[in-house]
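Below are two complexes that have subunit A in common, paired first with subunit B and then with subunit C.
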Partner chain A sequence: MRREKPATLADYAPLAFPAIMLSVFFVIPFGTMIAVSFFQRQQGGFYTPAFVFDNYERFLSLFFAHVLGFSLMLAVMVAVCCVAIGVPFTYMLTRMSRRAQIAWMVALLSVLSLSEVIIGFAWSTLLSRTAGITNLLVAIGLMEKAVALSPGFPAVLTAMVYQALPYTILVLYPALVRLDPTLTEAARTLGASPLKAFFTVVLPALRTTILATLIMVFIFALGSYLLPQILGRPQHWTLSVLITDQAIYQSNMPFAAAMAVFLVLVTLGMVTLTLFAGRKREAAI
Partner chain B sequence: MSGLTLDTVRKDFGHFTAVNDVRLSVPHGTFVCMLGPSGCGKTTLLRMIAGLDLPTSGAILLDGEDITKVPTHKRNLGMVFQSLALFPHLTVGENIAYPLRIRGAPREEQKKRVDELLAMIHLSGYADRPVAKLSGGQRQRVAIARALTRSPKLFLLDEPLSALDAKLREAMQVELRQLQQQLGITTIVVTHDQREAMTMADTVVVMNKGEIRQAASPMEIYRRPADTFVADFIGSTNLIDMDTDGAGRAVALGQAIPGLKAPGGGKAVISVRPEDVQLTAPGSEGAIAGTVTFVRDLGGTIETFVDCAGKQIIAVSTPRARPDVAVGQPVGVVLDPSVCVVLAR
Partner chain C sequence: MNAFLRRFYFVLVGLFLSAPLIVVAGVSVNEKQTLAFPPQGFSLSWYADIFTDAGWRDALLASLVLAILSAALAVSIALPLAWFLWRRIAPWANIFQLLGIAPFTLPPVITALGLLTFWATTGFYGQPWTAVISHAIFFVTLPLVTLSLGFSAIDRSLVEAAATMGADDRTIFRTVVLPLITPYLVSGYAFAFVLSLNEYIVAYMTVGFTMETLPIKIFNALRYGYTPTMASVTVLFVMLAAVIYSLIARYGDLLKLLGANSEEKA
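Up next, the complex of A and B:
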């Protein structure tokens, strides 16, 4: 679609309100955070304005590199799991009757209304030894005795996927609804089984949407700091957990700010790379 | 039997019967057009033949083999959809090669077949173009070529030409018919355009409300419609009520027409094509008196609307044959029994 470029100053007027909101609630706080990340920390809980690289220097250690690596890996895994579950699920959902679709949508939206704390404790109960799902498996004779599945990495991953899945489905839904159903039918008349049609026609046709969803879930998962604490061991703590720890419990604002800025930069870098790779593939095709 | 057989095929959607116990036999190599108003069940019937919908009851046989429950991808058929359904993420060549690629055919074989098909549809050299860069007519051809990649036993087309402009559509109709004759493939086209059906088909199947009203050659359908629906739907016609008088003569618009006879000697309807209606001088022997109410001069033909005792009759002739008609002029309308078709009311 072609659109006219705004010509006069008045044409930009509709942008004024969002621009003000973005400046006041995003650009200014983020600027403050960047500034604070260069400040000098005062022992005893406060900081003085300065321009030092101490905070970034402290960050350059094997420990933090490890935490950063784990955080990125966890976010990527959450994104991949969400898309791997979300795409087939949403595809089925769009083929259901209007009624079934509404029922599912209401259920998904109600998951969104749950706070992260409730999700965390619900899963920790579900995965516990005393009251968890392993007791059910024991009852039907599949297991010898109940075991604790939490804390641990699978527990963190499960809960984070659970939390991010409704967003994934809501983002995928419009694109999948608009997908021409005759594309799959055409593939079937050309000799593709329904499964083959899904992989050779539906997935490739949705490439851009899937990439955008991966990026969205990745960023969403990167910011999660409660679930790793509730369901994980210290080695499963993400950078977001450490940032919270520094900012709130250690009262080291400059260091927390430095870590946050670094995380933003790494995230932006990864998103740019992904988009670039996606664009390049598109151009090749 | 070689060819396609539909044996009392029925499809219900809840309480609505889309296809009502249809029986049809299509010999191998025939070009069939299913024609009917929208919602008459023609597309549902086509989808059942393709296996995209399952019949509620009845059987579909291809070359004597029952394929009613065979899944679509195991029936060897090619289908062109109304939306064409070309894969947007693939090029022209990749679209055409798709059936071979998913079967894991070697690259050289794929390329050879794509080149063959592109030559057949006069698009050689277009293999590497994205489908989005093609014109409507070119996309149409690509969709046809893709459906023919596997050399299917059955070629199905659902309103294939409806997206094209009138001129291109007429050209494609001829091309499609020639292609079908060249390949000798059993072809079924669903359309609501009767011109399209008349141009292409060996057999026209007229459907209404889920039932086949008549299945015959285009000429037969036009000359000998089976009922008033077919007569009215195919081309334009004059439907005139007919009655039988005490002496057993057929009477229409107050004029006895010798040579016509209502079945059972009661009431019936006469169908006369406008080009078969003759206009003569008023008061001629055996003519129905009328008054010209409107003249539509189309250059090539001239349509005269005549009011005969409240019934409007349309006569079509060439302007050279009728230079004299004018609005308000009294004329005589002659219904020649040899061109009248008597139908049940």
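Up next, the complex of A and C:
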């Protein structure tokens, strides 16, 4: 059927329900949050309408700068690890049989939908003294006695890579599966080894995809709120953890809201960068 | 040599992805209340616990009801929107597409906090139904994306033929469009269902103090006393997700849903 411009009011009817739901339960809550971020905090967990910048001024502390710096650094490291593991993996995956691809995708989706609580619990068990991998090393004689590997920074990083890797692969998949196979064939015909073909032909062709994926995984990692809490020490807390902490345990909604608004701005900046990278890619073709 | 390297790499990634789950599965069959691995003794009583212990059973029920309802609501928001965008030329309506994708793209804590301030301001904070609406909004992105994909795959000449023969919008939707997009509808629902079942922060911020979903219950158990039931619930969830995604793959084209061109690649 041809697409037509809506002519009568009745033509707009299907839009009514989605529009109302999204406006009332997404746009208004978002607006409420921004408004609260300018409110004045009262003792005892209440806040009153006002228009103050106090909540934003608290960003200027050394503590906050430290948390922000750590959050960004952690997200960057997660993104780099995931892309480094994910690109060769996804590339080889797209060259496998349809059946194998489906099996891997089912496994990846299952891990991806796991709750952060569950991932945190699973890794804290795996890295614990009583049930962890160090017991395995003791059993085969590589270690004297079992030790606890969490909490700590390596534990946080590992679990976050675990959480983000399936996401990375799913983001890379469409671009890699559509990659022209004649590109590598040409390189192979001219005598390049598969490894050399991968590094000199595939990677350069994917430059913008990789950049866009890095940014998307970065945003994804920025949203992790439980893993740093379960597997790290307080100095490993990220902005997301701090927001939850302020909102729920310190009952300081205005400050939590101000941090959330700040996090939105960082994320939007990153999304703009992604779109910009995408446009450059289209211009290049 | 290269085939060997490739296999080695896949085994390594596979091990990384499965190791925590293997340990958890081992812990879940311990005979006594300990998180030992390798398990001491063998018992499936921790699986029975999910259904016999009142606390875990209530949490499981709460999670299931929440996931069933919120996924249904998410689909009922996404379907008319995706249909409208496919049927009509209305560029400004794309703003709603953007609004549908935003909650899932932003860090989850932001959506959660927005909804928390909203429910607190309107005075409904803590009501169980607020969690249904919150999850529906948070996960509306998934059916919206699968349905948009489904609509874009419809051959417009089919619909055109029906229109020429005098069918109106309603008839066309029921007899032509709906059968074609059903696989996308079902997979959109399934994605939203599985993710809602596993979601923690939005549920915690909206109804965390009045009811316990399974992820909330696991988190509380993490802080106030470990039990192997947490492990058995985890295994149950992983298997549930794997079964649902396998069904999507069995009855639909999973790879196409994930962005591959079509099924001509053998």
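Simple rule for what comes next: the second predicted complex is superposed on the first by the 238 of 285 C-alpha atoms of A that agree within 3 Å, B and C clash if a C-alpha of one lies under 4 Å from a C-alpha of the other, contacts with A are read in each partner's own complex, and residues count from 1 in each chain.
As a working rule, a residue touches a chain if its C-beta (ideal position, glycine included) is under 8 Å from a C-beta of that chain, and two chains touch if they have at least 3 such contacts.
Quantities reported herein were computed from a predicted structural model and do not represent experimental measurements.
J.: Contact-wise, after the overlay, does A:Ser110 reach subunit B, subunit C, both or neither (first, second, both, neither)?
T.: In the superposition, A:Ser110 contacts subunit C only.
J.: Could you let me know whether more residues of subunit A are touched by subunit B or by subunit C?
T.: C
J.: Using the touch definition from the top, say if A:Glu144 reaches subunit B (first), subunit C (second), both or neither.
T.: neither
J.: Looking at A:Pro88 after the superposition, I want to know if it touches subunit B, subunit C, both of them or none. Which is it: first, second, both, neither?
T.: A:Pro88 contacts subunit C only, not subunit B.
J.: Once chain A of both complexes is superposed, is A:Pro29 in touch with subunit B (first), subunit C (second), both, or neither?
T.: Only subunit C; A:Pro29 stays clear of subunit B.
J.: Considering each complex separately, which residues of subunit A are in contact with subunit B in the first and with subunit C in the second?
T.: Dual-contact residues (subunit A): 194.
J.: Using the touch rule from the top, collect the residues of subunit A that touch subunit C in their complex.
T.: Interface residues on the subunit A side: 1-6, 11, 14-15, 17-19, 21-23, 25-30, 32-33, 36, 85, 88-89, 92, 97-98, 101-102, 105-111, 113-126, 128, 130-133, 135, 162, 165-166, 170, 173-174, 177-178, 194-195, 219, 222-223, 225-226, 230, 240, 243-244, 247-248, 253, 256-257, 260, 263-264, 267, 271.
J.: Under the stated contact criterion, what part of subunit B meets subunit A in this complex?
T.: 50-52, 71-73, 77-79, 81-83, 85, 87-90, 98-99, 102-103, 146-147, 149-150, 156
J.: If we count contacts the way the header does, which residues on subunit C are in touch with subunit A in the complex?
T.: Its residues touching subunit A are 2, 6, 9-10, 13-14, 16-17, 19-21, 23-24, 26-27, 34-38, 76-78, 80-81, 83-84, 86-90, 93, 96, 99-100, 102-103, 105-111, 113-118, 120-121, 133-134, 136-137, 140, 156, 159-160, 162-163, 172, 194-195, 198-201, 204-205, 208, 215-216, 218-219, 222, 230-231, 234, 237-238, 241-242, 245-246, 249, 254-255, 258-261, 263, 265-266.
J.: Looking at the complex, which residues from subunit A come into contact with subunit B?
T.: So the residues of subunit A touching subunit B come out as 180, 182-183, 185-194, 196-197, 200-201, 204-205, 207, 285.
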